[in-house]
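Okay, so chain A shows up in both of these, paired with chain B first and chain C after.
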Partner chain A sequence: MIFYTLRRLAYGAVVMALVTVLVFVIMRMVPGDAVSLQLQETGVSAEEAAAMRAQFGLDDPVWVQLWTWLAGAFQGDFGTSYYGGEPVLSLFLDRVPVTVQLGLLAMVIGSLLGIGLGIVAAVTRGSATDGAVRAFAVAFLSVPNFVVALLLLTMFSLWFAWSPPLVYAGPGEDFGSWLQQIAIPVFALGTGGMAAMARMTRSSMLESLGSDYIRAVRAKGAGNRTVIAKHALRNSTISVLTLLGLELATVLGGTVIIEQMFSIPGTGQLIYQAVLDRDYPVVVACTIFYAALFVVIIIIIDLLYALVDPRIRTGRALS
Partner chain B sequence: MTSPPLLAVDDLRVEFPTPAGPVEAVGGVSFTVSPGETVAVVGESGSGKSVSSLAVLGLLGSGRITSGSVRFQGEELVGAGRERLRRLRGSEIAMVFQNPMSSLDPLFTIGGQIAEALRIHRPISRGAARARAAELLREVGIPDPERRLRSYPHELSGGQQQRVLVAIALACDPALLIADEPTTALDVTVEAQILELMRKLQHEHGASLLFITHDMAVVAQMADRVVVMYAGRVVEQGAVADVLRSPRNPYTRALIDSIATPTTPRDVPLPAIAGSVPNAADFPAGCRFHPRCPEVLDRCRTSEPPLLDIEPGRSSRCWRHDAGQAGEPVAAGGSVPGVR
Partner chain C sequence: MKRRALFAALTAAVVTMAGCSGEGGSSAGPGGEPVPGGTLVLQLPAEIKSGINPLESSDPTAMGIVSGTVYSKLVEFKTGPGVEGLEVVPDLAESWEITPDGLTYTFQLRDDVRWHDVAPVNGRPFVADDVVATFQALKQSTGVHGWMIEPVTDISAPDEHTVVFTLSRPYSPLLEYLAYHFNMILPREGVEGEFDLATKAIGTGPFILDSHKPDVEWVLRRNPDYFVPGRPYLDEIRRPIMTDAAAVTAALRSGRLDVGTTSDANMAEEFRSRGGFSITETPGAPVSFYINPEREPFDDPRVRQAVVEGIDWAGMGENIRGRFNLTSMLRPDTSDAALTEEEVREVRPFDPEGSRSLLAEAGLPNGFSTTLTVQRVDDEDVREAQWIQADLADIGVKVEIEIVDPATGIDRRRSHDFAMAKALRGVHLADQVWRDFEPDSIENYALVDDPELNDLIAGARAETDPAARGELYRQAQLRMETEIRQALYPIQKFDYTIAGERVHDLYASPIYQGRRLADVWVTQE
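This part shows the complex of A and B:
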C-alpha cells in the first residue's frame, strides 16, 4: 500500500516535469511574442523592443529562460505578467474560487445525476426509462458543451426574453445575480459529464448485476436494495471513479471556453487572454497549476481505488 | 420413501427468450427429494440440470417457468410472491454454486459475507453474527477462523473459497441444500475434500441435498438416488446403486461407460458419446437422444418414448423397454465405479 502510494506520487512528479518543459518550450515556439504584439499596436521603435525583450529575458535561449523560471518557481516566484506586472500567483489565486465554484458545481451535479440515472437505467434494463436515459446520454455526449451553452442562451433570450447578467458578481456579493450568471454555464459544463457518467454507471452496473456473486447474494435471500446498493453499486465504483478523473479534465478544459462566452472572470478566462497576449509567465503558470490539480486528483482517485478494492490494496490485481 | 417429499418438482417447464423466439430449456421435468436424502441430477452441459435447480429458487434471470409445479414442504413455489421466495432463499433452501472464485463478492470480507447471510434472515447483532461466522468457518474446516474472517476472497484458494460458500449456505440451517456442480472448478484432490465435507455437514445438519453434476463417479460417491437428464428431459431415474449396476437407458449406459476408473486400461481410448448435446432451440424430433444413440430403433426417429416406470422407484425413457428388451442392458456391470 505504501509502495503503491509512493509509485503514484512518483508518476505524478514525472508528469509535472514533462508538462512544465513542454508548455514552456511550445509556448515560445508560437509565432510572435508579447513585445511584437505590443509593437503592432503602439509602434514602439526597434531599440525599445529589444530593450523590452532584454528586460523580460525573452532574448535568452529557451533553456536559460526555463532554468531561470524554474529557479524562481521553486522559491514560490512564478513570475510576473508582462502586462501590468502583477505577480502571476496572485493573478491566478484571485480567479481560482470563481472557476472552482463553477467547475465543482458542474461536476458534482452532473456526476450525482449521471450516476443516479445510470443506476435506474441498469435496474430497469430494456424498459422505456432505460431507453430514454440512453437516448438522452447519447445526445448530450455528442453535443459539445459550448454548443449546449449557445443553444440555451439563444433559447432563453428568444423565448423568455431572459439572459444572464453581463457583469459577474460573486455569490457573496449578489447571490441571485451569481446564480443567474452561473446557471447556464453549470448546465452546459455538467451535461456532458452527466451523460458519460450515466452510460458508464449503467454498463458497469449491468456487468456486476450479471455476475456470479450477485446471483450468490440473491441466493442468500438478499433483497433488491442490498443487491443493488451494496454489492452491484460498490463493484461499479472503480469504473465510475476512473471516469470522474477524466471528467475533471473535460470540465477544466470546458471552463476556458465557457468562461469566455459568459464573461466569467475565472482562471479559464485568464488563460485564454494570456495565450492571445503571449503572456508567457501567466500561460505557463496557469497550465502548470491546471496540470498539478489534475495530477493531484488522479492520485487521489488512485488511492480511492485502493480504498474500494482490497485486491488493489494488496497489489494483486490491476496496479 | 415413505415420508412425504421435502421437494417435489412436477412436470416443470422453463423457457428462455432468445432473438429467435422462446426456447424451452427444461421440458417437463419431475423428481422428488425426501428429507435427509441426497438426489443427484446428472447430465452433460445443456441438459437443463442447472436450470431446473435455479428454477426451484426462482433465480432464473431472464428465463421463466411456463408450467409445472415446485412444491417445497408442501408449499407451491411456482407463482409464489417474490418476497416469499426471497425469505425461503438462504434460510430454507440454500445454494452452492459452480465457480467459487467468482461467487464471492471481491470487495467484502469473508466474515462480512457470512454474517450477511445470517443477518438477512435472523435478527442478530453484528457481534453475534461474527461469532457465528467464525464457528461456521471452523465447521467447514478453515484454519484460524478468527483471522480468516477479515480476509478477502482473493486471499483464499479455490477450495477454501468453496468452503466459505458452503459455510454461507449452511449459515441458516437450510432444510434443502442445492449444489450446482460445486467441484467442477476445483482440483481433483480438493474436489474429494469438498465432497467429503458436504456429505459430513449434510448429515450433521440433517439437510437434504440436491446435487447437480455431470460426473457419474461423483454421483456414485454422493447420492442415494439419481436423476439422469438429457436435452431438457429426464431419461432415467432410480436408486444410485441400481442405476449404476444396471442402467436401463442407453444414455445412462453411455455416461457410465465414459468414466475412467483405476482399472480402466490405459492403452484404449476412453469411450465418449459421439456428437454433442443438441441446442435447446432445435431439439431433434422423436427421442432427443436418437442421433447419438448406439441402439437407435426406427421408431426413435419419429416419436418420443414416454418416461416408463419399469420397477418401483425406477423409470426410464426408451422405446427398447416397449420392444420387450427392457432389463437387458447391453453393457452392464463390470465398469461400475466403486465408492472410492
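This part shows the complex of A and C:
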C-alpha cells in the first residue's frame, strides 16, 4: 500500500512538472503581450514600450523567464499580476472559496441526483422510468453546461421577469442573495455530471445485479434493499469514483465560462480574464494550481480505489 | 483596461463609452419634473485592471468610472437634448482667453469649488495650484497621454483663480484635449503621493467614489457640495461588472439593471420591439481597414485601389451593423471636417468592374490570393470579414480570413505582420489621426509614409482658424482616399444604449463624459 501510494505521488509530480513547462512556454508563444495591450491607443513610443517589457522581464528568452519563475515559485513567490501589481497567490487564494463552493455544490448535487437516478433506472430496468432517465441523461450529456445556463437565464427572465442578483455576495454576507446568484450556475454545472453519473451508475448496477454473487446474496434470503445498497452499489463504486474524478475536471473547466457569464468573482473568471489580458504570471499560476488540485484529487481517488477494492491494495489489479 | 478585459480593450472601450455615454433618446423626453434621489444601476462592461490613476491609465473603462463623475476637467464637451458634435463649455474654468498668436491660454477658474470631503484632501477649496500640479505631473510622467499637451511649455498660476498655459507653437486642438476624458484635474495631494491615485479618487465632480469590490462592482455616491446647484439628482450610481450579453439582457428584463450597452443591433431591436425600454443609437468606433504596402502585390497602388473599390462598404454596414456611417478618416460625429457620405461615395465608389480592369492593368488579370487578419471583438467583426471575402472573390481576389483576439491583433498590426487587417479604432477627436500616419508612430500600422499627408496634418494641427483647419483635414482625407489607400476607416459603427423606463435625461456623448450623469434622474416607486 505504501509503495502504491508513493508511485501515485511520483506520477503526480511528473505531471505537474510537464504542465508547468507546457503552460509557461505555450502562453508565451501566443502573439500579443500585456505591454501592447496596456499601451494600445495611448500614443506611447516604441522605446517606452520596450522599457516596460524589460521591467516585466518579457524581453528575456523563455527559458530564462521560466527559470526565474521556478526559482521564485519554490520560495512561495508566484509572481505578481502585470496589471494590478498584486501577488498572484493572494489574488488566487481570495477567489478559491467562491469557486470551491460553486464547484462542490454542483458536484455534490449532480452526483447525488445522478447516482439516485442511476439506481432507480437500473432497478426498474426496461420500464418507462428507466427510459425517461436514459433520455434525460443523453440530453444533458450532449448539451454544454453554458448552453444550459443560457437557456435557464433567458427562460427565467422572459417568463418570470427574474434574473440573478447583479452583485455577488458570499454566503456569509447575504445568504439569500448568494443562493439566487448561484442557483443557475450550480444547476448548469451539475447537469453534465448528473447525466454521466446516472448512466454510469445504471450500467454498473445492472452488471452487478446480473452477477453470480448477487444471485448468491439473494439466495441467502437478503431483502431487496440490502441487495441494492450493500452489495450491488458497493461493487459499482469503482467506476462511479473514476467518473467523479473526471467530473471534477469538467466542473472546474465549466466555471471558467459560467463565472464569467454570471459575474461570479471566482478563479474561473480570473483565468478567463488573465488569458485575454496575457497576464502570464496569473495564467501560469492558476493553471498550475488547477492542475495540482486535479492531480491531488486523482491521487485521492486512486487511494480510495484501494480502500474500496482490496485487490488493488494487494497489487493484484483487476483483470 | 485593466483589468481589462482585454476582451477587449477595444470592446470595452467602445462599449463603456457607449455605456457611459449614450442616451438621449426617448427616455430623454418629457418625463416630468426631475426628482432627486434614488439609485441608478449602470452596466460596467469590464473590470478596471491597471488602476484608476488619470496620469497613467489609458484604460477607457477607468475613464468611464472617474472622468467627469469623480473628477472635473477645466473644460467640458456639452451634453444635453439635441446636442450634436463637440462644443467646448466651461467646467472648472468659467471662461478663457486665447491670444491672437495662439501661444497663450488664460483660464479664469470658479471660486466656489471644493474638493470632496475625503482624507487627506478633506474638502479644502479648489485653487489654480491644483491645475498647475496636475499638468506639470502629466508633462513629467512617461505617461500615456502627455503628448496631448506636448506644445505646452509652461503652466502658471498668477493668482488663486487664474491659470496660464504658454505654448511653444500654435496648437489648435488644445481646448478639445483639455475637454477630453483623460485630462481630469487632480488635487495637489494626489499628484504628490499623499494618497494612491491608482486606487483612490478625490475630485471635485458630482459624485464621490464610495467603494470598489474587485471584479464585482464600483459604487459612486452623491457629492452634497457639488458646485452646480441642485445637481446631481441621483443619490447613488452602482456599476456592476457584467460582460455577458445574455446576462445583461436578462438583468434588463428583470429590472435589476437600469442601463446596458451593446454593439449588437439585433439585441437593440429585440428590446425596441418589446417595449418598456428606450434605445439610443450613438455613433461609435470606426471600423479600420489596413493594407500593408510591403506585401506583394499591395506595393502596387492600383491593386490597393482595386481592393478598396471592390468592396461594397455601404452594403456591409447596412447588412451587418444595421446603423452605420459611411466615413473617411474623421468621425462625422466629432468633426465638421469629416467627408460626407456623398463625398465618400464619390472618392471611394463601389466599382467591381473598375477593380477587375485595375487588376488586369497591374498584371493580375486572374486575381491573386491574400489574407485578411481580423481582430474579433464581436460576431459582427467576423461577419464583416466574410462580406469582404465574398466581394473580393467577385473580382478574383481569394481571401483567407484569419481571426485573432485583440491582444494578438494589436501585436500583429504593430509588427506590420499582415497583408490586410481589419479592427476597430478607438479614437474620438479629429486631431488623433496623426498617430495613424506619422512615420514614427507605433500606431502607423499600414506603414504610411507620405510627406504631403504629414504636411497637411501638421498644418491642420497648427491652424487656429477652424475653417482653414477643416479644409486641411478635408485635403488629407482626399489624399488618403485617392492616392495612398493604406489605412482606411470605411464605416463607423453604432452602439446602442438600452435604458429602462425609470431612467430620464441620460444624454449621449462621443467621449467618456461622466458629468452628464449629474443630470440623470430616476422615477422612484
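Assume the second predicted complex is superposed on the first by the 316 of 319 C-alpha atoms of A that agree within 3 Å, B and C clash if a C-alpha of one lies under 4 Å from a C-alpha of the other, contacts with A are read in each partner's own complex, and residues count from 1 in each chain.
The rule we apply is simple: a contact is a pair of C-beta atoms (placed from the backbone, for glycine too) under 8 Å apart; a residue touches a chain by one contact, two chains touch by 3 or more.
This is a predicted model, so every value here is computed, not measured.
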Fit or clash - chain C, chain B, common chain A:
fit
Angle, in degrees and to the nearest 10, that opens at chain A between the C-alpha centres of chain B and chain C:
150
Go through the superposed model and pick first if A:F262 touches only chain B, second if only chain C, both, or neither.
second
Report for A:R202: first if it touches chain B alone, second if chain C alone, otherwise both or neither.
neither
Looking at the overlay, does A:G84 come into contact with chain B only (first), chain C only (second), both, or neither?
second
Greater chain A contact set [chain C / chain B]
C
Where does A:D212 make contact in the superposed view: on chain B (first), on chain C (second), on both, or on neither?
first
Under the stated touch criterion, which partner chain does A:R8 make contact with: chain B (first), chain C (second), both, or neither?
neither
Enter the shortest inter-chain Cα distance between chain B and chain C once the structures share a common frame, rounded to whole Å.
49
What is the shared patch of chain A, the residues that chain B and chain C both contact?
none
List the residues on chain A that touch chain B in their complex, please.
211-213, 215-223, 226, 231, 234-235, 308-311, 314, 316-317
Which chain C residues qualify as touching chain A in the complex?
2-10, 13, 41, 47, 49-51, 58, 142, 144-145, 147, 213-217, 238, 240-244, 246-247, 249-251, 253-257, 404-412, 414, 426-427, 435, 440-443
In the complex, chain B residues that touch chain A:
57, 59, 86-91, 94-95, 97, 99, 102-108, 116-117, 120-121, 152, 154-155, 165, 168
Where on chain A does chain C make contact in their complex?
30-33, 36-46, 48-49, 51, 83-84, 150, 153-154, 156-158, 161-168, 260-263, 265, 269-270, 273, 276-278
